[in-house]
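Two complexes follow with subunit A in common, the first pairing it with subunit B and the second with subunit C.
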Partner chain A sequence: MTTFVSLLVNGISQGAVYALIALGFVIIFKASEVLNFAHGSMLFVGAYVTARLVPSIGFAAAVAIGVAGTALLAVVLERLLFSRVGRGTGLASQGQVAALTIMTLGLDIVIATDLTRRIGSRVLSLDQPWGTGAFSVGGVGLSYNRLIAMGTAAVLILAFLAAFRFTGWGVALRASAEDAEAAALMGIRHWQVSALAWLVAGGLAAVAAVFLTGSPTPGLDPSIRTVAFLAFPAAIIGGLDSTTGALAGGVLVGVVQSLIAGYAEHLQFLGGDFGGAVPYVLMLAVLLARPAGLFGTRELTRV
Partner chain B sequence: MSDVRVSHGPRAALATRLLLVSLLVALLILAALPLYLEEFWLRVGFSIFAAVIGAIGLTILVGTTGQLSLGHAFFLAVGAISYCWLASEPSTLGSRHLGGLGLPPLLAMVLAVLISGIAGLLFSPVAARLRGIYLGIASLGLVFVGQHVLNSASPLTGGYNGRRTPDFSLFGFVFDDDNSGLKVLGVPFGRAERLWYLGLVLVVLAAWFAYGLLRSRPGRALRAVRDGEIAAAVTGIDVTGYRARAFLVSSMYAGLAGVLYALSIGSVAPESFTVEVSIQYLAIILLGGLGSVGGAMAGAVFVIGLPLLLEQYSESLPFLAEPGSGGVTSAEAAKYAYGIAVILFVLFQPRGLAGIAYALVRRRRAAALRRGDDGLPPDGGGTAPPRGERASAGGTADVDAAGAATSVPVGAPADATSGG
Partner chain C sequence: MVAGSQPELLVVDSLEVVYAGVVRALRGVTMSVGTGQVVAVLGSNGAGKSTLLRTVSGTLGMHGGKVTAGALRFDGQDLAGRGAADIVRLGLVHVPEGRRIFGRLTVEENLRAGGMSVRGRAARTQARDRVYELFPLLAERRDSRAVLLSGGEQQMLAIGRGLMSAPRMLLLDEPSLGLAPQIIGKIGAAIREINAQGVSVVLVEQNAAMALALSEVAYVLELGRTSLSGPSAELAASDEVARRYLAVAGEAAPGAAPPAPGDPASPASPDPEPPRPASPARTLSRWQPSPARRLLPRPRGRVGAAADQGGVPAGEPK
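Then we have the complex of A and B:
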């Protein structure tokens, strides 16, 4: 039982970080109908900038610059690249979706190749001030990094949900996602909504990266990019256009992964290293039952 | 892209004939190359042939039918591994047991292609429920789940260590270096030369089939599905059926590409078929132009050929560094190049190389038409073809250089009027 609770708590804390990433992914999709496969590279950029700055200016300042830098990079990319791809009025056509998605893949290749080259075979440390320690309550162990990650994620997510619900930007974003044309007629500037969405998503990715490189992970290496490939199914499980869904999906993926890893010896029949595939198995199962995800809006077509 | 073609009577017939002739010339050149090229180039060529076949399959699915798929790597893996399993004799290496059926390689290749097709069909119920982006990520799941399954099925696949590719042979003729001392026109024909012809023949067949498919009723149905599923359904097209068939055809192409890939590398492991491979194929068809068979070929030459070339010449290229020295290595340079190319193409030329070629041909054709129909004297004077006899030759961009040169000044306005 203790093992179970411990795995559950660890899974939730890891899932909270996935939720941050998935949330950014969903915000971008809602605001600009782009499926951002370069999200893994944003994690990478955030962690890399922070790791390089930590030795000279200290952790707090480095994180601030890392988060701000990544957020800014995301906006620049949106303005420079994604907003320029001619999009017809109304829904993007199938070919358009493919082209935009492939562009994010191209971007991901360029950024990831560059940073991987810079890091080489090193593992960079972000020197989190909370260190690599862990604590234990009643036999349930959790690293400080995971604990702080969970707390930070909760605060950020609440702040985002509040902004999403109550601020002008939140309303504008929801209106734009609902019906871009009508929103534009109501005087909502789509480019502002979109740019702000990328800003928020980039920032969230960088924050997530800070925790992903902390204990029990040894530090930053190029494999951080693969974490994004766990957040994509998380976003889909919840429903691509649902912020609540992203949170639920992230936590679900984290918990299931943790449980699978924890009970690996009982699950030999599933084959070794099933943890990497399980988010996708979950995702395919959810998609078969509910093609729009658990919380997504069902797409209705009217002729 | 509009596919309406305006027929110009004998003009069009001649253009088609010229196209056929130039294709034949290109084929003859490709067929003669093993007599002149070194083994390295032939190996590069064979890798490109493999990629061309895979890319044609993907462009039918993504470009023509509009089904975004990141799962191509999985179908390649199925093809490659099925071939190895079907054609190998069972073997035991230490504690590792590798199964195999020991079938004739040709039969193994055909069956591998069919098995890939079945894998595609099995996925199509999932695909039928999903649209656009959802489909893209679901097919991404195929790669991750598939890799896990294949890694676990080690008697079949060799697991993480992979397994050797059995040599291809056709009615007793082995596509490998042997002691027969086979020479053609004084050139020894070893593995690379033999495989080159195998690849060339398969590419021609694959492209021919794709052209036929895209120009026929099913091809038009697939495009209709891409352009509007509801409209397509209203006109009586079985949308779900055609989407499933697109997956079937596409994964069969991928399976064949997988078999060729296995032959070109000499061994396969499930580890090799990552998301990166899928991305590479998407880059190929995007650079070539979504939905274009010829474009898929051009894109494959760029994306697959470039890294191999840069690697070969990395010592003589000053901007490239040795691996591990911190500078840009050849593999990285190639990745930058195609990543950046993809971004630039989406921004400035979303129809890819095929779009560029199409615009050029149309411009020239329009210019020639105008020149012929208006009866205006061509400004090239004596070099231009006289009206009537062979005026149409000036309309085909790739053959009549003189006619082409004269058509440049009138290109821009003609472009606007020929809204084909």
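Then we have the complex of A and C:
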């Protein structure tokens, strides 16, 4: 029982970080209809910038610059992708959306290849001030990194949901996502809505990266990019156009992954590396039952 | 200058539009709307009415259309190359066909979206209060999701949302579409009230009886051209318009008998409002729409095509 609770808590804490990534993925989809496969690179850039700056300017300033830089990079990517499409409005037709999605995949490979070359075989440390320690309550152990990650994610998610619900940007984003033409007829400038969505998504990815490179992970190496490949199914499980769904999907993937890893010895028949495939198996199962995802409204046939 | 002393607010000059590079939707539309005027644009399906509005509001590109010739001016400013969001800021708002409200947003949020271009909280609150005053039903349902509203309420929301940016001109595309005659009457009364508050209105309708009763001037589009134009009262009185559009309108609004020619605001018309004081009778010879073709006693050109469209009473709404 203690093992189970421990795995559950660790899964939730890791899932909260996935949720941050999935949330960014979903708001980009809502604003631009593009599946941003460069999301993994954004994690990578955030962690890399932070890691390189930490020795000279300290952790807090490095994180601030890393987050701001990644957010800015996301906007640059958005402008780049949409510069020749939809006359800079950040809107694309169905055919163009498919092309743009493939372009994000290309950008991801370019960025990740460059950063991998820079890192080489090293593992960069972000020197998180909370260190690698862990604590235990009643036999349930959790690293401080995971605990802080969970708290930070909760705060950011609540702030995001409040902004999404109450601010002008939130209303404009939801209106645009529902009917871009009608939103334009209301005087909503879609490119602003879209740029801000990418900005927020980039920032969230960089924050997630700070925790993904902390304990129990030894530091930053190129494998961080693969975490995004867990967040994609998380977003799809929840429903690609649902922010609530992204949160639920992220936590679900985190928990299931943690449980599978924890009970690996009982699950030998599935093979040693089954944990990596779990999010996708889960995604397929959910999509078979609910083609629009748990909370989604749009079926994936539209993508 | 058109129609007496009203300065022209919107000028459409020999506009030609092509969709997907091949389909010619507008083949030379010319019209003008004076400040404070209500202008009706009539025509059957595919005549180019919605295309005209899309072109004016800057959303033509989203439908794959392109202006190939002609000019558009609003308050003296060229609209060519301006995006939809910028045109709203000039004071020109298009309420699209089919209402297109944001169903997952609440009524209040829909109105908020409509006022997104307005600077200043006070101005937005004032605009919202005016909309609620105009449509008290919306105020009652302000926290409902818009998708839960009835068709008539959704149309009111669509119009109210368009008013949130305090426009000088409102383009309404088929506000009566799919509504019961009684509701159409309410919408008609609201349009009159909006106009009375100083907003010019371009009313695109298949419900010709309603449009002619509300407007001072009307244009008839046919296959992308302005085929007829003139004071609404005279158009309504003409056999030509009565035969081709009013009968169709009668079908589109069940329960409302087509008004007799010569009596556009008869009690049987779908608009239960009392007929507005007869607009100053202008004779055709005195009323000179600039280059648009004028009211003709008989169909001109394309007689066959016109008969195909107008003769069959199956002008059902899209």
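The definition used in the following text is that the second predicted complex is superposed on the first by the 285 of 303 C-alpha atoms of A that agree within 3 Å, B and C clash if a C-alpha of one lies under 4 Å from a C-alpha of the other, contacts with A are read in each partner's own complex, and residues count from 1 in each chain.
Here is the rule we go by: contacts are C-beta pairs under 8 Å (C-beta built on N, C-alpha and C of every residue); 3 or more make two chains touch, one makes a residue touch a chain.
Only a predicted model underlies this, so the values are computations on that prediction, with no experimental measurement involved.
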In the superposed model built on subunit A, check whether subunit B and subunit C fit or clash. fit
Regarding the shared-chain residue A:Leu240, is it in contact with subunit B (first), subunit C (second), both, or neither? first
For A:Glu181, using the defined touch cut-off, is the partner it touches subunit B, subunit C, both, or neither? Pick first, second, both or neither. second
Between subunit B (first) and subunit C (second), which does A:His190 come into contact with in this model arrangement: first, second, both, or neither? second
Using the touch definition from the top, say if A:Ala172 reaches subunit B (first), subunit C (second), both or neither. second
Hey, is it subunit B or subunit C that touches more of subunit A? B
Which partner does A:Met1 contact after superposing on A: first (subunit B), second (subunit C), both, neither? neither
With subunit A's C-alpha centre as vertex, what's the angle to subunit B and subunit C, nearest 10 degrees? 80
Which value in Å is the smallest Cα separation between subunit B and subunit C when the structures are fitted on chain A? 8
Share the list of subunit A residues that count as touching for subunit B in one structure and for subunit C in the other. none
So in the complex, which bits of subunit C are touching subunit A? 57-59, 61-62, 83-85, 88-89, 93-96, 100-105, 109-110, 112-114, 116-117, 161-162, 164-165
Contact footprint of subunit C on subunit A as seen in their complex: 87, 89, 91, 168, 171-172, 174-175, 178-190, 297
List of subunit A residues in touch with subunit B within their complex: 29, 35, 81, 84-86, 93-95, 97-103, 105-110, 113-114, 117, 120, 229, 232-233, 236, 240, 270-274, 276-277, 279-281, 283-284, 287-288, 291-292, 299, 301, 303
Which of the residues in subunit B end up touching subunit A in this complex? 62-63, 66-68, 125-126, 129-134, 136-138, 140-141, 144-145, 147-149, 151-152, 226-227, 230, 234, 275, 279, 282-283, 286, 290, 324, 326, 328-329, 332, 335-336, 338-343, 346-347, 350
